[in-house]
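Data first, discussion second: the structure below is written as structure tokens.
Which chain is which? They are A, B, C and D, in the order written, and residues in each are numbered from 1.
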Amino acid sequence: MHEHPTAHAQPGPATWVRVLVLLTIATILEVLTYVFESTLGVLTAPILMIFAAVKFVLVVAYYMHLKFDNRILTGIFAWGMLIAISIFAAMAAIYHIYGQPLLTP
Amino acid sequence: MAEAAIRLEQAGYRRSALVEWLTTVDHKKIGILYYWTSIVYLLLAGFLALLMRIQLAQPDMHFLGPKTYNEVMTMHGTMMIFAVAMPLNAAFFNIAVPLMIGARDVAFPRLNAFSYWSFLFGSLLMWSSFLFGHAPDAGWFGYANLSSSRLYSAGPGLDFWDLGLQVLGISSIAGALNFFVTIVNMRAPGMSLMRMPVYVWMVLITAILILLAFPSLTVGLFMIMFDRYFNTNFFNPLHGGDPVIWQHLFWIFGHPEVYILVLPPMGIISEVLPTFSRKPLFGAPFVIFAGIAIAFLSFFVWAHHMFTVGLGPVPNALFAASTMLIGIPTGVKVFNWLATMWGGSLDFKTPMKFASAAVWMLMMGGVTGVMHATVPLDYQQQDSYFVVAHFHYVIFGVIVSGLLAGTYYWFPKMYGRLLDERLGTWHFWLTFIGTNLTFFPMHFVGLDGMPRRYFTYSAETGWGTWNLVITIGAFILGLAQVLLLINVVKTMRQPATAPADPWDGRTLEWTIPSPPPAYNFAVIPTVRGRDAYWIEKYGDGHHVPAATDTTQRREVHEPRHDNPGHGPLPPGVHLPKPSWWPLIVSAGLTAMAAGMIMHGTETLGPLGFPIVGLGAFVVFFGLLGWHFEPAIEHEEAHVA
Amino acid sequence: MCCGEGAERVKDMRPISGWRRWMSVLPLAGLAWLSSGCGVIGGKIASTSDPAGDQARHIWDLFMVPVWWLTVAVFILVTGWLLVNIFRFRRKPGDTRIPPQVHGHPRLEIAWTLIPAVILALIAIPSTRLIFQLNRNPGADTNALRVQVIGHQWWWEFRYPEYGIVTAGDLHLVVDRPVVLTITSQDVIHSFWPPRLAGKVDAVPGRENTMVFTPEETGVFYGQCAELCGAQHAHMQFRVVVQTQQEFDAWVQKHRQPAPDPAPGTLAATGKELFEGPAGCAGCHSVNPTYDPSTPINKTLMVGPNLAYFAERQTLAAFLPNTVENLHQWIANTEQVKPYSIMAEKWWKIRAQQNQLLTDEQVNAIVEYLRSQQ
Amino acid sequence: MSHATGHTLPAGEHTVTGISHNRLLMWTFLASDCMFFGSLIWVYFAYRGRYFEGPYPREVLDIPYTSVSAAVLLLSSFAIVMALTALERADMRGFRGWLLGTILLGALFLGGQYYEFTTFYHEGLTLTSNLFGTTFFVLTGFHGTHVFIGIVWLLVQWLLSLFGKLTPAHVERFFVTTLYWHFVDIVWIIIFMLVYLMPY
């Protein structure tokens, strides 16, 4: 079970800076997506989600060391995310696909 | 080796008994605290049930008024779930899990104490609502907007409920984190996951369920709090709010919650049946996997409590299907238990009686669960006594019976004494008969259309006859629980002479004296299979019993030593140090909740926020103190 | 039938002693008793086992076949196996034998995974079919009667938008004619449940639910609120009056007009004056049976139930028989009759505080007036 | 000194997995917190568009402003990971510098949120004005509370290090704090995308 320190290059400030650069670029692209919302149309939402997911993964994998750390931790966090996401996907379906419209007060 | 060490005197803390209990971080003591607190609550909440039963014994009774009835009913349900079933389970987590995995304590002993004190204070806070004449009265699931609007539930009753549950929720989450880490990180060498006792497996799964289920309740309770205190619109239809959102949040928590309650007792059954059948658990990997499957599925069935809310046919059909799926792994468990007994040498000691009855009652409650999952039937059954029958069969029949089995089974590990068998037999039979007499006829009145949460009914409904039977059953059931107390009192008067291994047990807790010394294991054992101790005693075909394998020999059946808690520490063992901080932090937390409740009242309103602030202050400095205090006895006061 | 089966099974087992044998017969005998329906359930005003509407009938049929009989099968399997275990493998005194240490049997595991799966499928398929049938698109029933059902703490309001009629407490329906109920609430969540006619549907504020069924017998049927809605949740009944088409038409005709005013000088006329004036009833109650049918379902007409043709009603205050004595009690003593009700809280108590409770004569006059509403 | 990624346990601790108790606890807690923020976010979404009176999101949300605060929080994540590396290398000056930087960036974010909230209040968006106000303030408010707790926690550690009570021997404990801080950051990544940028 014990994972030996892997052959990954020991991450250090150089890695952190690189990740920061990527994060900044992703954020800029995100805001640009928002600006060009009308041109992108229905694509806006998925594009935004992809950028957010990229940022999310970068922080979790590098800054939070999951990439270098014991796999168990990745498993724990991934299961938490998975359950949360699937419940809320089901909720979205209940509310926005099958849901009867609510009354206007 | 242990012999020699025993004669030394343990240095350090000799405090008064009271202080010792208040500051204890020993999982065994915390387990006992949990145990007795929840047993007292069982009697109190059971007493409330008896009040309800008197009121319902006949049509048009005038024993409890409508409001009082609702308060009694709500407090019965809420306290039974959150202050009896949850903490009674936690009691056995504490009493048994570290012993079963061969650990000296839990991973975070002080956090463990914090869980207990938060549970105690949170539940006392909620009980205290009776003293102020405003107990919560919106049912245990407090449906919005009845619960979320001061228009429909005036007075602080629902505030007690909301904030009390927040404190209890924090207690549960802290406990779950603790046991998760303990089980993952602190197993004895050789105890791989698949060699872990099934009970420990169920506790692990339960911890995960708690961690993933409670946040949703917390969020919902915050919303009710905001609606009540700050006039937000979460559940206010006049501004577009949808009360059904609360139902989703509650049942996303609430359904996993019922498995949080039932999985550990199922684990107890999975320990008791093999022990008293002298056979290993049949298909243990399947039983474990069934537990995992139940837990996973339980997150995707919540809307079966909402079939009549109007979600539409498609969601109803899907949730019905996912709900029915749970019957399959549960069936796997039931059949494996039955197969465990098959061909065994069954010794019907009291724990075995309760455990076998629980298997049967799981079937009884389970099949009515499947009827509820059959949506059209649920259109008739929902919110009727049929549901009350269903869940009392699983709750009383499985959870309480399972925990009573655990009580008789592990009592030697709590007190070094064996409970009386004859009284135990009486206790069992009265409980069994009482349970069925109380909860079986509820099916009939349910099918005859009696809705739950009715404080009275008229004679023309024809519900009177069976209700009388139910009431009689409830009194028998109540009487039966008194026998447990008598049994304990009688047993405690006798000397503590229980052997280390009274039942010819299979797991590690039976290798150490009853009750175990403060440090549990003088030498941490090495584990060679799921039935770790059984293998050492009798072998299992692959392994030679320890008796002939000198390399594995350990001191078993070691005689009890007087006052083991104060024996000397074996070399190299560090015990966690008693601490006041958990108690202080819990008190601060509860003060914050109490302040919030005051804020909602007219008379004490201005005091509210200052007390919240004071509580926050206590929590903050309590945490600092906690942080600075060395965690381990004899440890240099190094600070981090 | 089940009884015979049970008895045979018991014979197969090895009885140990008389009382034990008796103990094992008991549950099976009880089961037989239950399944034969020996008066354990049914026949009462609220029984789901005595359907008088198509929805309740379909549900009861599904309950009996296949659900009940499959349940019996599971019951017999588990109970039987458990009893065999208990009697056959009980440890004899002095027996120190260690039984064979059987760890499992993968093929058995597969079997008892599959068998329940099959049983569940046998339940799930007809169940799903019935779900969609019961939730059928209400638009299809062109000849259906349409009624709006509105829950209030603690009474039911019924609006017939097609006729512009509003009433409370009694729901008038036509036998063999489908009805589409549109259900909501104007305060907290309630649940509309006429057990002999249909299942229940929640009345949720801010939501509009529908329920479709066809009453199949004429008569007066009992209904009640099934979702905890506050102190008087138990006293939130209604009655469904199922009539022939002619009776119903006559009822509608009558209700398009208010009841004629009481003759001047009678006690009832005094009552009317009181009702509209000093007693303060008209602030919450209307005696006009019609309303503007374009009113949205979530807009309140009046705080209290409509009292038009009150004398015709089956119940009073959603739980009492509608008798003169009860009505008198209600007006004179609202707080005692139905504590926490809005009328008690917002009218009776306030009047009591101001020492302005109605005198006995005044109450009599109002009772007389309301009884004249027929 | 040991590297945080190297699974070196604090002195005296032995665990089956090689993961320290604290680290395992924190990750488990974060998995649980996913459900917490998940619930808040979906309630926000269930009510999205059910705003019967103004102000409406697009009237009040100031994207350029919030983009900057989002960047500030990202930067704080960077700062804290730099602090961690410094601590691992026993560079206490660097550690304190980066940690202070993190705290200041966090405070800047909170200040920005405070300013944003007050502006919204002036524009008529309050907790009770409509469902947008209710869900928006509660969601972002809970996030802000998490940030606040993080700041207090970091501040305590910074003070400890000033008095020499937080040393490179405590790198594991500090690592656990950074996990919490990063989590608060990733929650904001999601909120920023879903609440601010997502088209209405």
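Details
Heads up, the rule we're going with is that a residue touches a chain if its C-beta (ideal position, glycine included) is under 8 Å from a C-beta of that chain, and two chains touch if they have at least 3 such contacts.
Molecules present, by chain and UniProt name: A = Cytochrome C oxidase subunit IV; D = Cytochrome bo(3) ubiquinol oxidase subunit 3.
These numbers were taken from a predicted model, which means no experiment stands behind them.
Contact analysis places B-C first among chain pairs (by count of C-beta pairs in contact). Remark: the per-chain Cα centre closest to the mean position of all protein Cα atoms belongs to B. Subunit A and subunit B have Cα centroids separated by 36 Å. Remark: subunit A and subunit D have CA centroids separated by 15 Å (rounded to whole angstrom). Mean C-alpha position of subunit C lies 51 Å from that of subunit D.
Residues of subunit C in contact with at least two other chains: 206-207, 209, 298. With touch defined as above, residues shared between interfaces to two or more other chains in subunit B number as follows: 184, 211-212, 237, 239-242, 252, 310, 312.
Touching of two or more other chains is recorded for residues 72, 79-80, 83-84, 87, 91, 100, 102-105 of subunit A. If you check each pair of chains against the touch rule, the ones that pass are A-B, A-C, A-D, B-C, B-D. Residue ranges of subunit C in contact with subunit B, taken from their complex: 40-49, 55-56, 58-59, 62-63, 67, 71, 74-75, 78-79, 81-82, 85-86, 89-91, 95, 97-105, 108-109, 112-113, 115-117, 120, 123-124, 127-128, 130-132, 134-135, 153, 187-189, 191, 193, 195-196, 198-202, 204-207, 209-210, 222, 224-235, 298, 319, 339-340. Listing the residues of subunit B that touch subunit C in their complex gives 65-67, 70, 137-139, 143, 145-146, 149, 152-153, 237, 240-244, 277-280, 282-286, 308-310, 312-313, 316-317, 320-321, 324-325, 327-328, 331-332, 334-336, 338-339, 341-348, 356, 359-360, 363-364, 367, 370-371, 374-380, 382-384, 444, 447-451, 453-458, 460-463, 538, 540-541. Every residue of subunit A that touches subunit B in the complex is listed here, in rising order: 72, 79-80, 83-84, 86-87, 90-91, 93-94, 98-100, 102-105.
Across the complex, subunit A is touched by residues 3-7, 16-19, 23-24, 27-28, 30-35, 38-39, 41-42, 45-46, 50, 52, 63-64, 67, 70-71, 74-75, 77-78, 80-82, 85, 175, 178-179, 182-183, 185-186, 189-190, 192-194, 196-199 of subunit D.
Against subunit C, in their complex, subunit A makes its touches with residues 100, 102-103, 105.
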